[in-house]
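Below: the structure, in structure tokens.
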Amino acid sequence: MNFASDNAAGVAPQIVAALARINTGHVLGYGNDEISLRAIDQFRAFFGRDLAAYLVTTGTAANALALAHLSLPWGAVFCHREAHIATSEAGAPEFFGNGLKLVLLPGENGKITPQGLRAALDGAEWGGPHHVTPSVLSLTQVTEAGTVYKPGEVAELSEIAHANGMSVHMDGARFGNAVASLGITPAELSWKVGVDVLSFGATKGGAMAAEAVIFFDKARAAGMDERRKRAGHLVSKHRFVAQQFAAFLEGGLWLELARHANIMAARLASRLTDVGLKPIWPVEANLVFAILPAEVNARLTAAGASFYARRGFQLPGGAKIPPDGVLARMVTSFATTAEEIDRFAALAAAR
Amino acid sequence: MNFASDNAAGVAPQIVAALARINTGHVLGYGNDEISLRAIDQFRAFFGRDLAAYLVTTGTAANALALAHLSLPWGAVFCHREAHIATSEAGAPEFFGNGLKLVLLPGENGKITPQGLRAALDGAEWGGPHHVTPSVLSLTQVTEAGTVYKPGEVAELSEIAHANGMSVHMDGARFGNAVASLGITPAELSWKVGVDVLSFGATKGGAMAAEAVIFFDKARAAGMDERRKRAGHLVSKHRFVAQQFAAFLEGGLWLELARHANIMAARLASRLTDVGLKPIWPVEANLVFAILPAEVNARLTAAGASFYARRGFQLPGGAKIPPDGVLARMVTSFATTAEEIDRFAALAAAR
Amino acid sequence: MNFASDNAAGVAPQIVAALARINTGHVLGYGNDEISLRAIDQFRAFFGRDLAAYLVTTGTAANALALAHLSLPWGAVFCHREAHIATSEAGAPEFFGNGLKLVLLPGENGKITPQGLRAALDGAEWGGPHHVTPSVLSLTQVTEAGTVYKPGEVAELSEIAHANGMSVHMDGARFGNAVASLGITPAELSWKVGVDVLSFGATKGGAMAAEAVIFFDKARAAGMDERRKRAGHLVSKHRFVAQQFAAFLEGGLWLELARHANIMAARLASRLTDVGLKPIWPVEANLVFAILPAEVNARLTAAGASFYARRGFQLPGGAKIPPDGVLARMVTSFATTAEEIDRFAALAAAR
Amino acid sequence: MNFASDNAAGVAPQIVAALARINTGHVLGYGNDEISLRAIDQFRAFFGRDLAAYLVTTGTAANALALAHLSLPWGAVFCHREAHIATSEAGAPEFFGNGLKLVLLPGENGKITPQGLRAALDGAEWGGPHHVTPSVLSLTQVTEAGTVYKPGEVAELSEIAHANGMSVHMDGARFGNAVASLGITPAELSWKVGVDVLSFGATKGGAMAAEAVIFFDKARAAGMDERRKRAGHLVSKHRFVAQQFAAFLEGGLWLELARHANIMAARLASRLTDVGLKPIWPVEANLVFAILPAEVNARLTAAGASFYARRGFQLPGGAKIPPDGVLARMVTSFATTAEEIDRFAALAAAR
């Protein structure tokens, strides 16, 4: 019953096998090998267009490198107030970005709205030399509330951003789950709706440590190679990162894994609703949030269930966390089983 | 009728004269001269205790150097959402602080409240390695709304900050105006109520370009000399900055100048109230904010009056800016005359 | 015949097997799992003392994080002019260190000498506020010339550094090769001879992507967790990095692999000497440097041999690279075979 | 007898008078006033072309802002090993430049030579992702050895730099002294010979605190306004910095002051030669270097003479500093008198 995070799972067996398979011979380091070059081709096929891709081993690195590359140091990156880049990366965007500034936007269900974005742009003074310059809109997909931006929502936000001279970044640590949830193509959820740069994560989806910064316009990637290297994020035996992506994309493994995680989340949501613990936000991918009374929280924890109590979230109208209760975040993964969900729900229901 | 800013004024004649007076002979550069050393003694007398002082030529430099010195790069600086360091320094704190993060607090009348500070500390996850660490509370005195923190208010906020392991910084670009407003001693508004480091401004008060970073605990200033130098803020002919402070502090000139500015603001507030344009926040120092209908704004501007229309402020309950109207900020200085105020108010009243 | 780098090899089969072995169940991410905690214990046993260890995936990250942690931003890091941190990390130390400065020291055979270090300290102005402050001595072990600092040499240099208020860092990307070469214990080549912080590499030794920053004084590691996280170097499925080290250290695998690499280098040196291409520096670990005449270079390259032509090295007295010749660096690894060495030497000898 | 530095002098009386003259009325702050705008025009006239100019209060700020603007963070700035930016700015270029790297070139008489520059470019590996990218050539004019680059020398170096994709920066803290020495126009020593950006100093020449970053190609200045502001270098009462330049340039005051300083240096050189203390480098502007035996040094110091003993300089062939002797740097200024020079020389000669 481990729902702490999708990174608490191990690695999909197909990916481990793929790593073992390429462990022969010598190749050039730092991405100048055939496996690494082929991975770029796979990305091209996956997204249906030419692009530039830079592999790293953590999502924080992917996000921070992307934002630093898109924003001048005196730029502002607009994001949701609960975005991972704002709350859980220890200031990485500001560090990589030489002191860029995050501007936090409110928004229900973890989503930035066109109204919210426009209000932020209109409601303050922007631009040099005294004020920072709006430079990037960063969307988290799947959101931190477990919801999924629809293509039309991304398109509308991108349009506003572009009209205001901003680039659009998507933190796609769970991009696969979002695509699986919507049943569309990766292109339809990224460049076709205005995303300029995507942090495309495989780790949470089932890889060991593999994230990619995808530039849909190759020209904008100039200098990214140097930026990655001096941040210590150019892995020397690079083929072993590339091969994780190769296996992840091969034959739609990513989709199979993401679908499983999403189905497990839906099952968890359903079971919890059955026992009177209806999730507080729509469960659209692999995250489930519910308010647990103190005794339920205690009982589950005592039974060895693992999940995080989260603070700092804007709750939907009317929702209140009872004294000693918690806002529990439960994350499912490719490795979650129906059995552990049912056991979890049964425990939650017991009295 | 120039109310754009107190830095739109020139320099107090006494300060110009003082600069001319010391323009003889050769001295060591970089602060190792008698005038510079004597200025430190004057600061000691002014604040009634031992301290370390570092002179620079801008308020942004004073603030950013102070914050960078007090906060680790992965620290958070809590400040009011309308604080100058947050809105008007183009990201200087983040740049100097190697990517530190500002956390913006709400609060009426431009003031952080104990409730607001506690809510921010309690309402989110803080601390390493994933979250930034609350490191500094920065108070703006006079606030950006023109109000003044009372000693008891500073003391209560400082106590919360210190209890949470945070240092207390005060952006005192208009510290003199605040002291004059309250009729207390500089000590009573700084170290005696918990301020650890003060950005003490003379420029807006009547100097040419003179700001000081005051460390009330000298031990905490270790390394500040190097930090200032590598930021390009160690002026070579340093005595000419020191001498501005010498003249500013000599014989209470600072107080005389600040009192005048405050009195002019009170007069402006009174006159505007008379003509139905009551300031929206208490006028406690030398800033006056009023909502100007479009026609009043146009008339004043046409007559050559100078002031800033400000955006991004949280208005007091019920206040609304009418279509095409503005939230006007009017700042008085040592050089403001009663005549220009009366003329301004008369124009505002005309119909 | 791939001698381009020891990171051109794959991964030792024992390490791949070890990764597959732990791929079960769920654990906490970010290093809070049993495998990760056990790895720290293994480091303690390996070095024979208590310590703090931070795992990352690249050597550049290990070095830059270590140096940034040991040096203030206005500090100077003294290193050999050919050190990897100076020539091949794209400015990572300066980026992580918020603009710290590297001071490049000369020295034959890739080694800093006590005379050279003292000359640098005595021969220039140091210290605040105008000059940077000597903060760290960084030694590369194995050196970039393929030589190995003896314990006594490290001790003497450390003593000078400590006496001048500097910390001692060792870039041990090939630390295992150095220990194997000297036939001593890891302790005798690190903390017992004054090393404060060690970048301990496993990647070049046979791992996939595993490097550790080792603080021999745990107190000095305060804040390192945050520094690593905000640099994007805290791997979420951390156990898979820890497990690489676990397997590397288990049963002396590291030593077995390093010995093989060193023996292969010695064989290559011997074979090249036989054919008149005597290595220009003592071959003490797994790097061999030889000057190749143009035709030899062409013949080897045509036959598919892989090695780097290096520039920027201070050659030993009298050595000259002939027109169109190259200074070839050949690196052996755990995966190098005697057969490919003999074939390489035979090709080099042919005419 | 103060020869410590040209910043040990006060301010030229004409400049003090000019400051007092403009101290009336209110103007917009931050450079948006008539005096500030007019100063730009004066720069245009001075250099004989359109340009962009940014005023600051220190030379370190001018240099560091210029270099950060010209170089990417992973760039290298090539400069003489004794350049002020390398030895005396506490790492400001690295701090402002987000960790850029200085590459130190040797060269007699404080000058970079075409051979030296080419050797540096040819003798090492450059460019991404592993190596920093040569980005800027920075020339110090007057050099730290007191010599002056001739226009042809600058042109030749600029040509090499440009051919290698590098920009050319000139640290002109003593630019006026160099122009005065050569008897040419400012244009002939800057943009006409390939200088892209000039740090043009007035402080050492006789101002209080006034330095300008001059972009001869305005397009390259985009973003400089923001960069200056967030570094805390946008002075609020900006007209008082602009006015210093206005007075400095007005009627050729700068030239008159520089000529005087140069003449005094020539006199000092001549007097010292007469007493057997021939300057070790050609005295071409307002700096004089001589080796003083211990007893001469003691006698001068005891008599109250002020100068700096410098370390870290590459001495011309054969020159040796005797035990307890010093390499003395003597700087003359607009305020130096013939009398104090003669007294100094007489003291030096006495036995």
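Some points to look at:
The letters A, B, C and D name the chains in turn, as written, and every chain counts its residues from 1.
Everything below uses one rule, namely that a residue touches a chain if its C-beta (ideal position, glycine included) is under 8 Å from a C-beta of that chain, and two chains touch if they have at least 3 such contacts.
These numbers were taken from a predicted model, which means no experiment stands behind them.
Of the two chain pairs examined here, B-C and A-B, it is A-B that is joined by more C-beta pairs in contact.
Comparing the centres of all chains, each the average of its CA atoms, the largest separation from chain A belongs to D.
Between the CA-based centres of chain A and chain B the separation comes to 41 Å, rounded to the whole angstrom.
Mean C-alpha positions place chain B and chain C at a centre distance of 51 Å. Within chain A, contacts with two or more other chains are made by residues 73-74, 89-91, 95-96, 98-99, 128-130, 226, 229-230, 234.
Those residues of chain D that touch chain C in the shared complex are 73-74, 87-91, 93-102, 104, 122-125, 128-132, 310-312.
Of all residues in chain D, those touching chain B in their complex are 2, 4-5, 7-11, 13, 16, 19-20, 22-29, 56-62, 64-65, 89-92, 95-96, 203-204, 208-209, 226, 229-237, 240-241, 306, 335. Taken in their complex, chain C has these residues touching chain B: 30, 72-74, 98-99, 128-130, 133, 223, 225-230, 234.
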